[in-house]
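Each of the next two complexes has subunit A plus one other chain: subunit B in the first, subunit C in the second.
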Partner chain A sequence: MKRIFAVALGILTAIGGFLDIGDMVTNAVVGSRFGLSLAWVVVLGVGGICVFAQMSGRVAAVSGRATFELIRERLGPRAALANLCASFLINLMTVTAEIGGVALALELASSVSYLLWVPFAGLAVWLVVWRVKFSVLENVTGLLGLSLIGFAVALFLLDPPWLDLGRQALQQVEFSEEQTTTYWYYAIALFGAAMTPYEVFFFSSGAVEEGWKSTDLNQSRANVIVGFPLGGVLSIALAGCAAVVLLPQAIQVSTLGQLMLPMAVAAGKLLVAIVLLGVVAATFGAALETTLSSGYTLAQFFGWSWGKFRRPIQAARFHLVMIVVVIIGMGVLFTGVDPVLVTELSVVFSAIALPLTYIPILIIANDPQYMGRMVNGRVTGVVAVCYLGVILAASLAAIPLMIITGAGQ
Partner chain B sequence: MTAEYPLDPEAATGRVLDGHLHLLDRQVHDVASVPVTAVSDLELSDVDSIENIAPGTPAPEIVALLSGSVLGTRIFGGRPPPSRLQRIAWSAVDQVGVVIRLAVKGETLDATWSERWVRDHIIGRIPGGRHDPE
Partner chain C sequence: MPGSGSGRTWLGFRAAAACLVGLMLLAGCSGGIAQDLLDPMEQARSAVRSDQLAFDLLAHRRVTSSIAETVLKTMTDELVSAEKSITSAEVSRQGDEALRDAALAAARQATSASLAGRDCLSQNTSCASAIEALGSSAEALQEVLDGLHSNR
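What follows is the complex of A and B.
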């Protein structure tokens, strides 16, 4: 019974953990402009994150080493430093977006300006990182994030013309006013949102935090392979809601409030309240994950002591980095920059940086010196290399597409 | 698998360590498995001149693992003055495996001075910093 409970808990937290502000904003924007015609990208991205997240968990469980230690060891200090700079900056951008997301959701709930919520959100993130146990923070935010099932509920209550939605998804109906380049720009953004690199840092470091052994791997695999796709279904449901309610009205999502409109149309205030709770929990959870990831990457590169299983004084520099990161994130938000814009840019930059994270993971997972018997099997190897091709293509195409489309205008 | 290679002289006969592969950029753990640093460079015993090495000269030995500012000079070139090197004496090394394990406590080493400074001046002074997470 206890075992079943543990598996269920893991899967449920993975569902909530998959969705963050980047997934929500990008899916809503895409749904309101392209209907479900980009749903295939979510499916592709979910497959990719499943393959690589369980790979990084396996590397951490078998070798007891987290990703960034290994990146430095295998790529040498120069390449690793360049990688660190890029990953850290994008991670910082994501932290900013997530804290902004929490503040925006609280603004929707309270009608108090998000700028006033930013310090509270930042302080809350830091307090949790400072004092709360790893397992607690992971489970609570993951479970509350489950209220995002409201996206799927809303789609059903809207009772849309399912055939039309299916046609959008499978037959790629043309949207006359949209350019092909914009379509591909948002395809890359969606891919970056689904595969966000911080997930890998967080996943591998989390495996070390919780002291996974090779015997725990089956459970982690189940969490990822069941939980993440269910999270992906919720993303597609959100895009579907936007496609049903916002697309016909030509409303392009540019605020969190517009993202919530379909829920209000479908079931009124109550569903909006439930979904808002989910948005706050999921973005708060992601803010914690990204803040921790920034500490993990830096500490692991320099070989510092790190981890939530230690007291803060036993991992002093790790905690200092996280304090600084949260302060910088709040500072950026205080300039008045639109958090939704930061989010949209952060997912595209994530897509650009994907190879930096995923290539080293693949190299190490293929290396019997680290992995022994648990080295990548033939099937995983082939799938991972195929994904690597997609990741490289997305990464190379992202900047040109960003310039041509004016960041998706 | 976490292969651990004992470095005591009898057991280690025939074990060849590649400095680049097995030592540089490896994570260093202290005797209590607390991360100390990553190896940024190695200090070798002096060889008078690189060009003309007389036959029969004993091979240089590893004197210490280096960390700290030497990472910057390794990446960007140059070399810090010897007085600025943070050394971990090779004699303190216990095992070389997927991590380099020391036989001493990290607390006592130069390499952790910044950790101790941040702990004593910042993190230790914030309430809750000395307690286990709950």
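What follows is the complex of A and C.
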């Protein structure tokens, strides 16, 4: 019974924890501009994160070491340093976006400017990563994030023409030449949002934090293979809500407030309040995960003592890095930069840096000397290599498409 | 051969840089003022329609006034940003100026309607005139957009 409860809890937190500000903004933007015609990218991205997250969890469980320690060991300090710089900068952008997301959601609830909420959000993030146990922070934010099931409820209550939505998702709509490049730009953004590198750093470091053994792998596999796809369903539901309510009115999502309008159309204030709670929980949870991931990557690269299982005084540099990251994120937001713009850019830059994270994981997981009997099977290996091809193509196409489309204008 | 590897890398780097510059030039190439004005005008139309939807939902008590107020505030910022983009659109041909002026007038009308809506919500006064102004500014924006589409 206890085991079933643990698996259920893991799956529920994986659903709630899957969505962050990047997923929400990108899916809403895409739904309001292209309907459900990019739903296939969410499916592709969810498949990719399932493959690589369970692989990194397996590597961590077998070796007792997290992704970045292994990246340095396998690639050598120079290549790993380049990897660290890219990953750390993207993490920093994501921390900024998530803290901004919390502040924007609180602004919607209170109509007090988000800039006034930024210090409170930053302080709360720091207090939680400093004081609260790893399992508590992961489970509470994940479970509260389940309120985002409101996206699926809203789509159901909107009673859309399901056949039309299905047609949008399955048959590619024809666009003008200009829209085609924008379509592919957002395809890459969606892919980057689904496969953000911090998720893997957090997942593998979390495996070490929680002391996973090979015997825990079935549970972690269930969390990933059931939880993440259900999170992906919520992403598609959000895009569907935007496609049903906003697209016909030519409303293109550019703020978090517009994301609430379809919820209000579907079920009024109650659903808006529930979804708002979910947005705060999901962005706050992701802010915690990205802040921790910043500490993990840097500490693991330099070989510092790290982890929430240690008291802060025993991992002082790890905690200092997280404080600095939160302060920088708040500082960036105080310049008045639009948090939604930071979010949109962070998911595209994530896509650019994807190979840096996923190639080393694949190399290690394919190594029978290192992994023993837990080495990648033939099917997993082939699927992962196919995904690597997609990741490389997305990474190479991201910058040219960003320039041509003026970042999706 | 020592040096040939780095030479190839340098050549590859130059080719990539040239491609990027080419792409930037391509992105910077203008398709005429109608093309330049389309994005900000669509941004303005989206903002005004969001305002209208927020008011509609508020009238039906489906959304709290704090959310409606935040939507109006952020949409006003969007409209100001659209106005700036319209103002910075370059005029190169005769007739372009008239197009830009029409677009700017419609965007300004929308901004003042959105501002009026935001003010009436924050001051808790009647919003009837602001809603009406938003309606007519939406029509004006659509008219200009139709003109831009036919001028492309």
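Simple rule for what comes next: the second predicted complex is superposed on the first by the 405 of 409 C-alpha atoms of A that agree within 3 Å, B and C clash if a C-alpha of one lies under 4 Å from a C-alpha of the other, contacts with A are read in each partner's own complex, and residues count from 1 in each chain.
Please note the rule applied: a residue touches a chain if its C-beta (ideal position, glycine included) is under 8 Å from a C-beta of that chain, and two chains touch if they have at least 3 such contacts.
From a predicted model like this one, the values you see are computed outputs, not experimental measurements.
Overlay on subunit A: subunit B and subunit C fit together in the combined arrangement.
Once the two complexes are laid over each other on the shared chain, residue contacts for A:257 go to subunit C alone; subunit B is not touched. When the two complexes are overlaid on their common chain A, residue A:62 makes contact with subunit B while staying clear of subunit C. Legend: residue contacts after superposition of the two complexes on their common chain; A:268 is shown touching subunit C, with no touch to subunit B. Superposition on the shared chain A places subunit B and subunit C such that, viewed from the Cα centre of subunit A, they span 130 degrees in steps of 10.
Contacts of A:400 after superposition: subunit C is touched, whereas subunit B is not reached. Look at A:213: by the touch rule set out above, it reaches neither subunit B nor subunit C. When the shared chain is aligned, subunit C comes close enough to touch A:249, but subunit B does not. Measured by the number of subunit A residues touched, the leading partner among subunit B and subunit C is B. Touch criterion met: A:314 reaches subunit B, while subunit C stays clear of it. Following the chain A superposition, subunit B and subunit C show a smallest Cα-Cα distance of 16 angstrom. By the touch rule above, subunit A contacts subunit B in their complex via residues 62-65, 69, 72-73, 76-78, 80-81, 130-134, 136, 299, 301-306, 308-309, 311-314, 316-317, 319-320, 369-373. Across the complex, subunit A is touched by residues 1-3, 24-28, 34-40, 67, 71, 74-75, 98-99, 106, 114-116, 118-119, 122-124, 126, 128-134 of subunit B. Within the complex formed with subunit A, the subunit C residues making contact are 19-20, 23-24, 26-27, 39, 42-43, 45-46, 49-50, 53-54, 57, 60-67, 69-71, 73-75, 78.
Contact residues of subunit A toward subunit C in the complex are 107-111, 249-252, 254-255, 257-258, 260-261, 264-265, 268-269, 272, 399-400, 403-406, 409.
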